[in-house]
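You will see subunit A twice below: alongside subunit B first, and alongside subunit C after that.
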Partner chain A sequence: MATAAAQKRASGWANHLGRRRAVRRLRSGLPVIASFVFVLIVWDLVAATKLFPPSAVPSPGDVFARAWNMIWHPYGTTTLEGHAAISIGRVLAGYLLGCVAGLAIGILMKLKPITRYVLEPIFSFLRPIPAFGFITVLIIWLGIGESPKIALIFIGVVAPMTIYTVTAMDALPPDLDDAARSLGANGRQVLLKVRLPAALPDILIGMRVLLALAWTSVMGAELIAADSGLGWSIWNGMRYLQTDVIFVGVITIAVIGAAMDGLLIAVTVRLTGGWKARMRGRE
Partner chain B sequence: MFRSLGRHLAVFAAVILLWEAATLVFAPSSIALPSPVMVFQALVQMGQFGFNGVPLQDHIGITFLRIVEAFAASLLVGVPLGFAMGSIPLIRKVVTPFITLFRPVPPFAWLAIFVVWFGIGELPKVLLIFVGSVTIIALNSMDGMLRVPAEFRDAAATLGASRFQVFWHVMPIAALPQILTGARVALVVAWTSVIAAELVAAQSGIGVIILQSAGFLRTDQTFAGLILLSLCGGLTDTVMGQLQARTAAWGNR
Partner chain C sequence: MMEDSSIRVEVDGITKTFGTPRGATIAVSDVSLNVNPGEFLAVVGPSGCGKSTLLRIIAGLEPPSEGEVRVGGERVAGPNPRHGVVFQRPALFPWLDVMGNVTFGPRMQRKRSKSAINESAEGYIRAVGLAGFEHHKVYQLSGGMMHRVALARVLINRPNLLLMDEPFGALDAQTRLVMQELLISIWQSDRSTLLFITHDVEEALFLSDRILVMTARPGQVKAEYVVDLPRPRDVSILAHPRFAELKYQVLTSIREETQRTVTLEQTEALSVDMP
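And now, the complex of A and B:
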């Protein structure tokens, strides 16, 4: 079939683009590694001058030793990887639920304008409130278990995800809309088969922003009424002036956050690479 | 924004009526869900007697002060840095990897380090807001600088402008819409940061009302605090949106 050939050609394009992207990423990664080494050296030098006590500026060696210790011996309720697993679980649960719900609400708002009429003002009211502002209310409603923490991340993700979905679906190039309609598609078909796929790249970009936001939210969720998680480790380190623990927590979150971000980029390229290549072929 | 004001008011009125009806029908404990009337009373009461011995306007004022100080500082640092990155490739190549390196660190995480280093005074709070917003402003200023259409520069040069005059008189104006876009995003992040800072260690501010009222099981005050927060954050965002709309005429898109 002609479409199969076109698809094959498109995926060939995507692979080609992917490879070029990989080379570019490697080349653009070098300055980041260099800056990392630079920061590490400056940090070690500053710590070595002993201008600041180790409780303020622990050396990179201190931080590594603390991390090593936390891997083998529990810090609080569990080990470093235990805290990491707990935080990752909370982030993933709240983030994925929030993305799915936001996508569903966004599509509903496009399908049924009345829902948009009602929900848009409510979202505009909720938008200026950072998710962790709700932490105390959520604890009163849901207790001190996992549910208020996951709900907190969910709240932070769902409202912007809805807005991203609606905005992305609003921004369909008029010629695509016309083309679909002239081929006999009705409003609902245009919405679900043209608008939604065309909006996917923009929605995925929004999801990248929200993943970073979810990691900020989990730190808020683990601030109050928590006894585990990377955020809890950081706050506990702050309360007991264990600055090395703070650094271990911050660096672990940064590494996991960057890895999840990279994963999401890979998914984005896989999902929309062929789509973009087809768009390019159309031009 | 103002065109849909009537619609917003209608929806809010409906939500408040439903909420009041729900509290009348299901009669939940006021700790779990206070009625809208109770929330309004709590707001009025805080207006009269303050919260925790601090007048309400001082709580709001100190939160605004922290935002204004940090936001002004991040504009003062971020815009020139962005311009430097936009016009001098060497600076761009040196600074960008550092921004990439530190970007995955959640702004919230800086707070723990700042509290250990600078205590619980104003400095760590303002610094947290600054760190969260300065990179956004710098990156957008750089982007705005890089995306100024070449015709603008060429036109000015044809009319006899020197390179310095192009840099000084043409570029900032042409990049302004993009700078304001960055500033608007940064301001939203600033509100997030200030509430984070006030939840962790503060004596006054809107975040303190939200946190401490819950400690006294005064959920009505918590809700009042959240509404205040939404109004204040919404206000600054609307002002930025209006500024943006005025410059959009010569924007990039």
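And now, the complex of A and C:
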């Protein structure tokens, strides 16, 4: 077999595919930009008809002006970047703690089945309860500082993260389990060196869902006993009928959420190389 | 590579029963067989005759319901890296590259140093014809290449027994032939005991020293054929008159069982509809 030639051919293909992918990405970016421009134009036209008062539908110009204003002058306790930083901090703290704890508890459940018998029913029971239901008791228990807000996001993330981890680790193709055992892996190694990496792509997909959930939770956390954050800005905008503030808050959350999601996708590709999608239909 | 590279397999009265929603199914019933040290034994039989179950029991991946398997005189109580298993699917670890897959066994066993493992892996990757592909990901390989990796991954454990469960069944005819020739050349150089399961009679004749035919479910050993074809073998063996003669005998023997399987399945399908 002319392996050197084959390898050269293979890497040639990889370069070729890489170039094609770059061109495709550029092309696929254009429709996205076009659709945003389209939405902005429609929005501006609707606002310009004056069918709705600015308190209901502010124009894009109003919203931009408000955003500009909020960047340079404090709105409430801090500026727009300040509110954004505070919300990002809360989301990241609660989300990351929840993900790490959920992953750890999930792995523990697989390592020690007894913990699964005890904990799984509790987590299954807790999971459908909207995290927001806990905000009042969290304030009673933890006060009005950062801790009840982070705890609220944590609670929303930890139970589903645990379930995602356990079910993803359950779903190993049986022949991979057999292969690992017959090659000399012990039970613990099968779990940590085979089941865990095999489950990683599914766990990361779960984490993307939970990131959106964490942003929903922060909205709730900033509704009560808060004086800062993007959620607080939105609620405050509603209280004073500053619809442009609501729009600024919502759009800022959307942009940050999309950026974080993109970051998570990049992490997924970095950690897995996208093997799951690439293996589809192979073997 | 030559020390105790082959070993005797004794299968003694193995029965395996599976619980199903419709009661117990007997997969294999009272199977006894021996594989001599260094022998290449092929097991053929109709689909669903329990030949894969038999292999899994010998591999220690499943306990028998009754009976005992001894490899090298010792009772099999679980999987053993010296008893290599090659499955129908390559069953590679897709998050690892070729090197990561091939070194998996020694890395888990932690008996050799990292550099010794890597050096040994490079040798086996070369032996299966994949030199230069060490750092390719699994999804960059063709089906035949995946099977080569699966083979190297087992060989690096220096098995004295190789158990193969229709390993080339999913490959196209040309790739399968190349893989068969590769397997023969590897087996001829290290002479491990080899148990090979297949439904392809030509494959069994081309590769093995001896063929066992299994009955329809519950699987039992029905007949034995000694493949007295000269070695080393290559494609020209297909034109050997003895090849055609043996092929006819084995095929006739299996055909009866396949027909019994079909009848069995029809009866079962009917009984499901009955109240």
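Definition applied: the second predicted complex is superposed on the first by the 246 of 283 C-alpha atoms of A that agree within 3 Å, B and C clash if a C-alpha of one lies under 4 Å from a C-alpha of the other, contacts with A are read in each partner's own complex, and residues count from 1 in each chain.
One rule holds in what follows: contacts are C-beta pairs under 8 Å (C-beta built on N, C-alpha and C of every residue); 3 or more make two chains touch, one makes a residue touch a chain.
Here the structure is a predicted model, which means the values were calculated and not measured.
Asks: On the A-aligned overlay, A:Val137 touches which partner chain: subunit B = first, subunit C = second, or both, or neither?
Replies: Touch status of A:Val137: first partner only.
Asks: Which partner, subunit B or subunit C, touches the larger number of subunit A residues?
Replies: B
Asks: A:Thr272 contacts which: subunit B (first), subunit C (second), both, neither?
Replies: After superposition on chain A, A:Thr272 lies in contact with subunit C alone.
Asks: Touch check for A:Ala159: first (subunit B), second (subunit C), both, or neither?
Replies: Touch partners of A:Ala159: none, neither subunit B nor subunit C.
Asks: Would you sort A:Gln189 into first (subunit B), second (subunit C), both or neither based on which partner it touches?
Replies: Second partner only.
Asks: Considering only touches as defined above, state whether A:Trp215 meets subunit B (first), subunit C (second), both or neither.
Replies: So A:Trp215 only meets subunit B here.
Asks: After superposition on the shared chain, which partner residues are touched by A:Ala180: those of subunit B (first), subunit C (second), both, or neither?
Replies: second
Asks: Just to be sure I read the superposition right, which of the two partners does A:Ala199 touch: subunit B = first, subunit C = second, or both, or neither?
Replies: Neither partner.
Asks: Kindly classify A:Pro31 by the partners it touches after superposition: subunit B alone (first), subunit C alone (second), both, or neither?
Replies: In the superposed model, A:Pro31 contacts subunit B only, not subunit C.
Asks: Enumerate the residues of subunit A that count as touching subunit B in its complex and touching subunit C in the other.
Replies: In subunit A, no position sits in both the subunit B and subunit C interfaces.
Asks: For the complex, give me every residue of subunit A touching subunit C.
Replies: 1, 3-4, 6-7, 10, 14, 173, 175-176, 178-186, 189, 193-194, 197-198, 200, 272-273, 275-276, 278-279, 282-283
Asks: Flag every residue of subunit A that touches subunit B in the complex, lowest number first.
Replies: 31-32, 34-36, 39, 55-56, 117-118, 121-122, 124-130, 132-137, 139-141, 212, 215-216, 219-220, 223-224, 231, 234-235, 237-238, 241, 243, 246-247, 249-250, 253-255, 257-258, 261
Asks: Please give the residue numbers of subunit B that touch subunit A in the complex, ascending.
Replies: These residues of subunit B touch subunit A: 4, 7-8, 11-12, 14-15, 31-32, 93, 96-98, 100-110, 112-113, 115-117, 188, 191-192, 195-196, 199-200, 207, 210-211, 213-215, 217, 219, 222-223, 226, 229-230, 232-234, 237.
Asks: Please give the residue numbers of subunit C that touch subunit A in the complex, ascending.
Replies: 56, 59-61, 79-81, 83-85, 87-95, 104-106, 108-109, 129-133, 136-140, 143, 146, 150, 153-154, 157
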